[in-house]
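So, here come the structures, one by one.
The two complexes that follow have chain A in common; it is paired with chain B in the first and with chain C in the second.
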Partner chain A sequence: SVTKIRSSFTTIKANIQARDSIRTLSILSHPHSLHKVKVGRCCITRQLFNFYVDKVFKHCKTEDSFVNRKISSIANSFLSVKRKLEQCHEQNKCLCGQESDEKFKQILANYEGLNVTSAAIKSLGELDILLDWIEKS
Partner chain B sequence: GDALLPAPQNISILSTNMKHFLTWSPVIVQGETVRYTVEFQGEYEREYANESWIPICECSLITATMCNVTEDISATVAYNLRVRADVGARRSEWGTLKGFFNRITTSLTPPLMKVIADGYHLLVELEDMGPAFQFCVLYWKKGQESRMQQKVVKQVSSVVHLDTMEAGSDYCVKAQAYVEAINRSSSFSQTQCVRVQGGTSMWL
Partner chain C sequence: SGELYCSLPNPRNVHFESINMKNVLHWSAPEGTADGVLYKVKYSVYGVGKWIRKPECKNINRTWCDLSSETSDYEEQYYASVKAFLNGMCSDWVETTRFNPLTDTKIDPPMVNVSSTEKSISIILTAPEKWKRSPEEESVSLVQVYPGLQYNVSILKKKTKKRWWFSISNNTLVVPWLEPGTAYCVSAQIYVTTPLLHSGFSKEHCIATLKDK
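Here is the complex of A and B:
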């Protein structure tokens, strides 16, 4: 699934990032990058997939039909992975800790610091940061 | 006259080897060209995006009664699909696929396969079934089925080297396709055997 998500994202990355006018801020990397997280990786992954499904994709509709189809592809793939992560969580295999909770709170704070459309487009534009981090873990 | 245009009927999905086609019966209007438009809706759209529908531009106002939806059915979730007809300014209601479609139900066929004895080397050529496919190849010396060996082929290159053969022995091969995205395999292909005899291959 991550491969399919990345290939869909790659085709619209430039289009989405061009819509992000706020260059001085990051949702996923401010103040510290995801890459600094050592423990609770599964928990953060689950929280971030929930975050993208619940909060981000619905606010990313564009006037471009091709872009909308790719966003749908990514969103439905995220939903499929989210379901699997929820099963892990229910089997106590994806437990959270203080570090992961604080990291996710920081990401939410970054997101809620912008108006919803800007925050959603910026989050979508940063998808490769998340995918890189997932593939490295 | 301006009778209401009937919605397309008999809407169904033909899905084989992770290629998915929506088909429907033509709407007949004497002396007129009927055009069709297709939209899809994933589980995400139903549950998180106000049940919105997404148009497929390659299947917008087409005259064919088939649409390749492979590119848009790109996650292992339940999809809804619909199609409507247009004739001039007249437009039908949407006809919707009965029940959802999930690509996990695609039918998988065994891969086409060609076994080659190149001198003492046992090689196999596999059909390129697309990026979603991997293959499990089983091979054994005839009569020694219990010592069957397996090779997983993640990407179809031109030819796969399986083994170095002993002269005068028959070697047999069969293969199945595997799709990781839906965690399903095809049935095995027919078994093919070859023999090495003094460096020249012989089909059996």
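Here is the complex of A and C:
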């Protein structure tokens, strides 16, 4: 699924990132890079997948039907990964920690610091940051 | 009065060209301008508030600027921007798209080392290193950057033009049961599954298996 997400995102990355004119803020990398999170990776991955499903995709409608189709394909892939992560969580295999909780709180604060559409488009444009981080483990 | 009017046409096609994370900003001269155009360059880390000037690329007449040092942290993403000047006039700043060194770089083919016995060929592959500021700096192989890095290896039996393909994750391959005294040519490519990246194929390295004693 991550590979499928990556390839779908690659086709719309330039389009989505061009819609994000705020260079000075990042949802995932501000003020510290997501890559700095070393502990509680499973927990923050689960939280981030929930975040994207609950708060991002639904606010990313564009006038471009091709882009919209790719976004819904990514959203569907997120849903299937989200379910797997939920199972891990229910089996206590995806425990959270202070570091990941603080990072996720920061991400939510960054998101809520912008209007919904800008925050959602920016978050979607940062999907490669999330994927780069996931694939590093 | 020396005040600059920004009515000069903009530089065009401002983009990063990256090989093994040597990240060089390139652009084309503004339309309709011949010689004498000068440029300056700035860059920014995505998510950080400020643009940073690149002094070595101030008032330059070439149409490229090496920003490898400034963009060497591949856990960050970047923008760069160029402005043109000519005869007291200037252009607007023209920006790149967001540049992600990890996914937007091209990778060189691996180095290929071959040796043979009577009935086998041994192949050792070496992935390129990530760009580094100076020879003294510690080398980082792209294998360390891309955990999913693999190699596709092609072996051609010259006599029959028969070709075999192998896909391996580690960097050594021994091909057994070959015909003694026969020429084989080896070529290899780097392949990263995610993010999806692949190098070209290396040039062919030909070697003959030893003759039967």
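Just so it is clear, the second predicted complex is superposed on the first by the 137 of 137 C-alpha atoms of A that agree within 3 Å, B and C clash if a C-alpha of one lies under 4 Å from a C-alpha of the other, contacts with A are read in each partner's own complex, and residues count from 1 in each chain.
Note that in this section contacts are C-beta pairs under 8 Å (C-beta built on N, C-alpha and C of every residue); 3 or more make two chains touch, one makes a residue touch a chain.
Predicted model, so just to flag it, every value in this text is computed and none were measured.
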Combined model on chain A where chain B meets chain C, clash or fit: fit
Computed vertex angle (chain A) for partners chain B and chain C, CA, steps of 10°: 80
First (chain B), second (chain C), both or neither touched by A:V39: neither
First, second, both or neither for A:L95, with chain B first and chain C second: neither
Touched partner set for A:A109, first chain B, second chain C, both or neither: neither
First (chain B), second (chain C), both or neither touched by A:I129: second
First, second, both or neither for A:L79, with chain B first and chain C second: first
Touched partner set for A:F57, first chain B, second chain C, both or neither: first
Minimum C-alpha spacing, chains overlaid - chain B and chain C, in Å: 5
Chain A positions touched by chain B in one structure and by chain C in the second: none
Of all residues in chain A, those that touch chain C in their complex: 2-3, 6-7, 10, 14, 17-18, 23-26, 29-30, 33, 35, 125, 128-129, 131-132, 135-136
Residues of chain A defined as touching chain B within the complex: 1, 4, 8, 53-54, 57-58, 65-66, 68-69, 72-73, 75-80
Of chain B, residues touching chain A in the complex: 40, 42-45, 47-49, 54-57, 71-72, 74-77, 79, 181
Of all residues in chain C, those that touch chain A in their complex: 44, 46-50, 75-77, 79, 97-98, 100, 102-103, 147-148, 193-196
